[in-house]
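The two complexes that follow have subunit A in common; it is paired with subunit B in the first and with subunit C in the second.
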Partner chain A sequence: MLLNYLASIARFTPEIILVVTMIGLLFVESTYSNDAKGSKKGYLYATAYLGLLFTLVKLIGSLGDAPGGIFTNALTIDPFSTLAKIIMVIGTGASIYLSRRSDDIYDKLKGEFAIIAIGVLIGGMLLASANNMLMLYIGIETLSILSYVLASLKKNDDRSSEAGLKYSLYGGISAGIMLFGMSHIFGVVGTIQFAGIVDKIQALDTMQVAILMPSFLMFFAGIGYKIACVPFHMWAPDVYEGSPLPVTTFFSIVPKIAGIAVLVRVTMTFFGGDTSALQMTWVGSLSVIAALTMTVGNVSAIGQRSVKRMLAYSSISHAGMMMMGVVCLSEIGVTGIIFYGITYLFMTLVAFFITSFVQDEYGNDHFERFNGLITKHPLMAIFMIMTMFSLAGIPPFSGFVAKFNIFNALIDKDFYVLAIIAGMNSVVAIYYYLKIVRLMVFKSSESEEKVSGFGFTNQLVIAILTVPVLVLGIFWENIIVVANGAKIFIQ
Partner chain B sequence: MVSLPSFLVVSLILFLAGIAVMIARKNVIAILLGIELILNAAALNFAAYTRFINNNLDGHVMSLFIIVIAAAEAAVGLAIVIRFYQIRESIHIDDATQLQS
Partner chain C sequence: MSGTSNLLNWILWMPMLGALGVLLIPKAKENAIRFWALANTAITMVLTAKLWMGFDNSIAGMQEAFTVKIPWIKQFNIFYHLGVDGISLPMILLTSVILFICILSSWTVKKQIKGYFALILFLQSTIYGVFFSLDFFLFYVYWEVMLIPMFFLIGIWGGENREYAAVKFFLYTFFGSILMLVGMVALYHATGKGVDSFDLLALKASADEFIKMKVSLFGTEVAFDKLFFMFMFIGFAIKVPVFPFHTWLPHAHVQAPTAISVILAGVLLKMGTYGFLRIAFPIFPGAAVYFSNFIAILGLINIIYGAFCAMAQTDVKKLIAYSSVSHMGFVMIGMAAMTSQGLNGAVLQMFNHGTSAAMMFLLIGILYERSHHRWIVRPDGSKGFGGLYTQLPVFSIVFIIGMFAAMGLPGLSGFISEALIFFGIYQKFTTMTVLALLGLLIGAAYLLWMFKRMFFGDVVEECKSYTDMNAREIFYMMPLCVAVILFGIWPSPILDIMKASVNSLVTLLANYQ
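Here is the complex of A and B:
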C-alpha cells in the first residue's frame, strides 16, 4: 500500500512542483514592499518561470511512460493527459509573460496574477487526468473559483468586476446542475470511479436508462460551461471582454483545453466501445451542440467592434471544431483534437499578444486601431496576418492542417453533414479574420506614432510564438506522430 | 422508517427551489443562496444513495467535498459581490449592464 502511494507520488511530480511553486511565489511576493511595481518583481517572475519550466521538462520526460492510474485510480496518467498538460503549461507561461508587459492589469496586482494563474493551471491539470467524479468536481471547481478572482482582478473597474460577477453566477449554477446529475448517476451505478461506471452501463434496464439520460445531460452542463459550448456560452463574450487582456488570453487557453480534455476522456471512457441507448443520446446531443457552437460563434463574431470580443467568439467556434473530433469516438479524432489544441495555443497567443500591445497604446481594442499597422510595424503586421490566415484555416499555415485532421476524422466515420457544416463555417470565419488583415494593409492610420509596446524583447517573443504557426503547417508529420501516441488509457 | 424516495423528493424540491430562486430573484445574494440550495440538493442525494443502496464511502466523501467547496465558492462569490456593490452601489442583477453587445 505504502509503496503504491510512493509510486503514485513519483508520477504526480509535475503537479507537486506547481503547488510548491505557488507556495513559493506567495513567500517571494511577501518580500516586496507594499507599493512595489509588479513589473519590477524580477525574482517573482524568475520563480514562476522556473517552476513552469521544471514542470514542462518533467511532463515531456514522462511522455513515453506506460499509462496507468495513480492514487487508487483517482487520476490517470496517460500520453493524452500529458500532452494536454503540456499545452496548458505553455499557455500559462506565455500569459504570465504578457501580464508582466501589459498595462491592462494594475501594476500592484501583477504578482497576484502569476500566483492565481498557476493555481488555475493546477486545477486544469487535475481535470485533464481526472478518473473519478470527485477529482472531476475538484478539478472543475479549482479551475473555476480561481478564475472568478482572475476575471475581477481589475478591482476598481466596473467592467472587470461585472465580468467576475457574471462568471461566478453562471459557474455556480452550472456546477450545481452538474453535481445534481452526478448524484443520480452515482445512485444508479453505485460508484464514482469511471472504470466502475463503464462496467455498469453495459447492462441497464429501461428504468435506469430513463434516470441516466437526463442525468448525463445535466452532467454535460458543467463540462460544457467550461468549454463555453452553445447553450452555456452566454457568459463567455461578456467575461472575455470585461477581463483584463492577459486574463482573457489565459481563459481562452487553459480552461478551454482542460474542458476539452475531460470531455474527450468522459466520452471515450463511457461511450467508446458499446452501442447503447445512452451512447446515442450522448453522441447525438454532442454533435448537435458542436454544430451549433461553431455556427453561433462564427455568426456572432461578424458584427463585433472590439477585437477582443471577436477573438472570444472565434474561440467559441474553435471549441465547436474540437468537439467535432470528440463526436467521432475514434483515435483519429483524438489525434486531431490534440493537434488542434497545439496549433490553437500558438495562434491564440500571437493574436492576443499583438492585440494587447495595440490596446495598451490606444486605450481600446476596436478594429480601427489596427489601421495601417503594416507601415508602422511591418514585422508585427505580417505575423498578425499569418495568424489570421491560420485561424481562418488557409494553407500552408497550421490552422489548415488542424482543420484537415478533424475533417479527416469526420469523413472516416461518415459524418458528412457535420463536415459540410464545418466547411461552411470556415468560409464565414474567413470574412471576419480577413477584416483585420484588410484594415492593417489597405487603410492608412490616423497617426504615425509607433506602438511603444513593440520593443525588441516583445517582438522576439511574438516571433518565437509565430514560428510554430508556420512550421506546424509545413512539417506537421512530426507532431502528428506525437499526437498519434496520445492514446486514452481506459482501465 | 424514512426511505430513499422521501430523501429524493426532498432533494428534488431543494433543486427546483434553487432553480426557481435563480430565475425569479434579481438580487445577487439571493442568487448565491439559490446556488447553495442546488449544491445541498446534490449533497443530500449523495448521502441518501450511499446510505440506502450502495453502502460504500464514495457518497459520503462526495458530500463532504461538496460542503467544503461550496463554502469556498460562496466566499469568493461574496467578495466579488462586495466589489460590485462598492463600484455600482447596487446588488441588483439588472444593473450589471456594462458588458452587452
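Here is the complex of A and C:
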C-alpha cells in the first residue's frame, strides 16, 4: 500500500512542484517588503517562472508514459490529461507575464495574482485528471473559489467587485446544483468512481435510467458553468469585462480548458462505449448546447464596443466549437479538441496581449483604439491580423486546421447539420474579427502617440506566441501525431 | 511520385519570392519596387511560356512530366500535389499575362506602393495555387488564402465605399467556401474505406460510389452526390458569380482599384467556373447531369439579367461589371450543355472573357486617371463624357477593339467562343439558345449605346483637357489587342491545348446522361 502511494506521488510531481512554488511565492511575497522596489518583483517572478518551467518539463517528459490511475484511481494520469495540463501551464505562465507588464493590476497586488493563478492552475490540473466525483468536485471548487478572488482583484473598481460577486453567486449556485446531482447519482449507483458508475448504469433497467437523467443534467450544469456554455454563460461577459485584463486572459484559458477536459473525460468514460437512453440524452443535450453556445457567443460578439468583451464572447463560441468535438464521442473528436485547445491557447494569448497593451496606453479597450495601428506598430498589427484570421478559421493559420479537425470528427459521425451550423457560425464570426482588422488597417488614428507597452521584450514575447499561430497552420503533422496520442484512459 | 520537372513549383513560388523581395526593398525606393515587381512577373511569364512549350496537347489527363506530389500531412493523406492539364493551362497563361499587365498599369498607384505590390504578387501566387492544386485540401487552402490579399487590396486602395465592398466580397466568398469545406470533408470520408484521400484524381475515380451513397439529414435520406454537388455549386457559383449570388460583384468591381478589377474580372471569376470543371463535374458527374437544366437556366438568367442591369447603369465601370455577369452566363450555359462544342466553347470563353474584360477595365482605368469620374450620365442628368473619339483617337481605337471583342463581333475572339457555345447548347436546349441569342443582342445594344454616349456627340468641355494614351499604356494594351484579334481569327493554339482534356470530360459526363 505504501509503495503504491509512493508510486502515485512520483506521478503527481507536477502538482507537487506547483504547490511548493505557491508556498515559495507566499514566502517571497511576505519576506521582501514593499520598499525594496525591483528586487522583490525579480525574485517573485523568478520563483513563479521556475516553478512553472519545472512543471512543464516534467509534464512534457511524462507524455510518453503508460497511462494509469493514481491514489487508488482517484486521479487518472493519461496523455490526454497531460496535454490539457501543458496547455494550462503555458496559459498560466503567459498570464503571469502579462500581469507583470500590465497596468490593469495594482502594483502591490501583482504578487497575489501570481500566487492565486498558480492555485487556480492546481485546481485545473486536478480537474483534468479527476476520475471520481469527489476529485471532480474538489477540482472545481479549488478552481472556482480562487477565481472569485482573481475577478475582484481590482478592489477599488466597481466593475471588478461586481465581477467577483457575480462570479461567486453563479459559481455557488451551480456548484450546489452539481453536488445535488452527484449525490443523487451516488444514491442510485452506490459509487463515486467514474468507471464504477458506468458498470452500474449498464446493469440498470430503463425506468432506473430514466430517473438518473435529471441528475446527470444537474451534474452537467456544474461543468457547463465552468466552460461558460449556453445557458450557463450569463456570468461570463460581465466577469470577463470587469476583471483586470490579465485575469480575463487567464480565465479564458485555464478554467475553460479544465472544464472541457473534464467534460471530455466524463462523456467518454460514461458514454464512450454504450448506447443507452442516458447517452442519447447526454449527447443530444450536448449537441444542442454546443450549437447554441457557438451561435449565442458569435451573435452577441457582433454588437460589442469593447474588444475585451468581444473576445470574451468569441471565447464562448470557441468553447462551443470544442464541445462539438465532444459530441462525436470518438477518438478523432478528442484529437480535434486537443488540437483546438493548443491553437486556441496561442490565438487567445496573442489577441489579449495586444489588446492589453493598447488598453494600457489609451485607457480603454474600445474598438476605435485600434485605429491605424498598422502605421504605428506594423509588426504588432500584422500579428493581430494573423490572429484574427486564425480565430475566424482562415487558412493558412492554425485556427483553420483546428476547425478542419472538428469538422472532420463531426462528418466522420455523419453530423452534417452540426457541421453546417458550425460553418455558418464562422461566417458570422469573421464579420467581427474583420472589424478589428478593418480598423487597424483602413482607418487612421487620431493620435500619433505610439503604444509604450510595445517595447522590445513585449514585442518579442508576442512574436514568439504568434509563431505557432502561423506554423501550426502549415506544418501541423507533428502536433496531430501528439494529439492522436491523447487517448482517454478509462479505469 | 513526381514528374521530371520542377517548373510548376517555380511558377507557383516565384511571385511569393517576389512578394518577400518587395518587403525587403526600402519604402523610399519606389521605382525599385515597381521594377522588381515587373521583373518578377516577367520571369513568371517566361516560365509559363516554357510550360506551354513543354505541354503535350495530345494527353487528356494530367501532364505527368510536370506533376509534383509530396506528402504534406501523412495522417490525413494530404499531399502537396500540383499538376496541369488542358483546362488549367489556358488559365495559367491568362494569369501570367494579366498579372504582368496589371503591374504595368499600377505604375501610377501612389499610396503605400510597397504593400500594394507585395499583396498583388502574393495574390498571383495563390491564384496559381488554385489552378495547379490536385489535392482538394491544397485547393481549399489556396482558395481561402486568396481572400486575404483581395480584402486588403480592395479595402486599402479602393474607391470611396471600399470597406463595404471588401467586407461584402469577403463574407460572400467565405460563406460559399464553408459549404465547400463541409462537402470536402464529407468526400474525404466517403472515398472507400481505408484509403481516405483528398486527391482530386482519386475522388474522380470513385465517382460511381458517390452516386450510390445516401446521407441522412433530419431523418430523410438524401442522395450523397446531389447534396454535396449543391454545396460545391454554391461555393463556386458565388465566385462566378451565378445569378442569385452575384450581388457582391458590382460593389467589389466598382470599388476596387483598376488592376484589381482587372484581376477580378480577368482571372478570379474564372476560378469559379474552373472549380466546376475540376471538382464539381468530374467528382459528381451524375448530379451534374441531373442539375444541368437548372444550371443552364441560371446561366440564361445571368446572360439576360446581367445584360439588362448593364444597360441601366450610368457608371461605366459598373456597366462593364454587369457585362461580366452576363458573359459568365455564357460559360455557365455552355458547361451545362455538356457537349463537346459547349464545353470547349465555355473554356475558350473563360479565356477570351479574361482578355476582353481585362481590356475594358484597363481602359476605364486609363480614362479614370484623366477624368477622375466614371459617369456616363452624371446623377444631375448632364453628360459625363462626350466626343471622346475626337479627343483621344488611339484610346478610342483600342476601346473599339475591346468592346467589339466583348460583344462577340466576328473576327474577334469573343465571337469564336460564343459561337461554339451556341452550337453546343443548341443540341440540348433549343429554346434557351434563342433566348441566349437575345442576350447577345442586348449585349450589343448596351455596349453600343454606351459607346455612342461617351465617344460621339458634342465634346464635353472638360474632356478637351484629356491627353491620349501614353507609351506605357499603349505598351501594356498591345498584348491584349493582339490576343483578341489573333484568337479571333486563329483560335487553334488555345483550342488545341484544351481539346483533349475537355473532350475526356465530355466523354465522362456522357456516361451519366
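In this section, the second predicted complex is superposed on the first by the 482 of 491 C-alpha atoms of A that agree within 3 Å, B and C clash if a C-alpha of one lies under 4 Å from a C-alpha of the other, contacts with A are read in each partner's own complex, and residues count from 1 in each chain.
Keep this in mind: a contact is a pair of C-beta atoms (placed from the backbone, for glycine too) under 8 Å apart; a residue touches a chain by one contact, two chains touch by 3 or more.
Note that the structure is a prediction, hence the values are computed from the model and not measured.
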Max touched-residue count on subunit A (subunit B vs subunit C) belongs to chain B
Classify the contacts of A:71 with the two partner chains as first (subunit B alone), second (subunit C alone), both, or neither. neither
Taking the superposition on A as described, I'd like to know which of subunit B and subunit C A:54 touches: first, second, both or neither. neither
Just checking: does A:190 make contact with subunit B only, subunit C only, both, or neither of them? Give me first, second, both or neither. first
Quick check on the superposed pair: does A:362 touch subunit B, subunit C, both, or neither? Answer first, second, both or neither. neither
Once the structures are superposed on A, label A:412 by its partner contacts, choosing first (subunit B), second (subunit C), both or neither. second
Report for A:106: first if it touches subunit B alone, second if subunit C alone, otherwise both or neither. neither
Please work out whether A:396 is in contact with subunit B alone, subunit C alone, both, or neither, and reply first, second, both or neither. second
Kindly classify A:180 by the partners it touches after superposition: subunit B alone (first), subunit C alone (second), both, or neither? first
Taking the superposition as given, does A:32 touch the first partner, subunit B, the second, subunit C, both, or neither? neither
Dual-contact residues of subunit A, meaning touching subunit B and subunit C, are none
Spell out the part of subunit A that touches subunit B in their complex, as residue ranges. 133-134, 137-138, 141, 144-145, 148-149, 152, 155-159, 161-166, 168-169, 172-173, 175-177, 179-180, 182-184, 186-187, 190-193, 237-238, 241-242, 300, 303-304, 309
Which subunit A residues qualify as touching subunit C in the complex? 389, 394-396, 400, 404, 407-408, 411-412, 414, 416-417, 419-420, 423-424, 426-427, 430-431, 434, 437-438, 441-442, 476-477, 480-481, 484
Quick check: in the complex, which residue numbers of subunit B touch subunit A? 11, 15, 18, 22, 28, 31-32, 34-35, 38-39, 41-43, 45-46, 49-50, 53-54, 56, 58-59, 61-62, 65-66, 69, 72-73, 76-77, 79-81, 83-84, 87-88, 93, 96, 98-101
The subunit C residues in contact with subunit A across the complex are 72-76, 140-141, 144-145, 147-148, 151-152, 155-156, 162-163, 166-167, 170-171, 174-175, 178-179, 181-182, 185-186, 188-189, 215-218
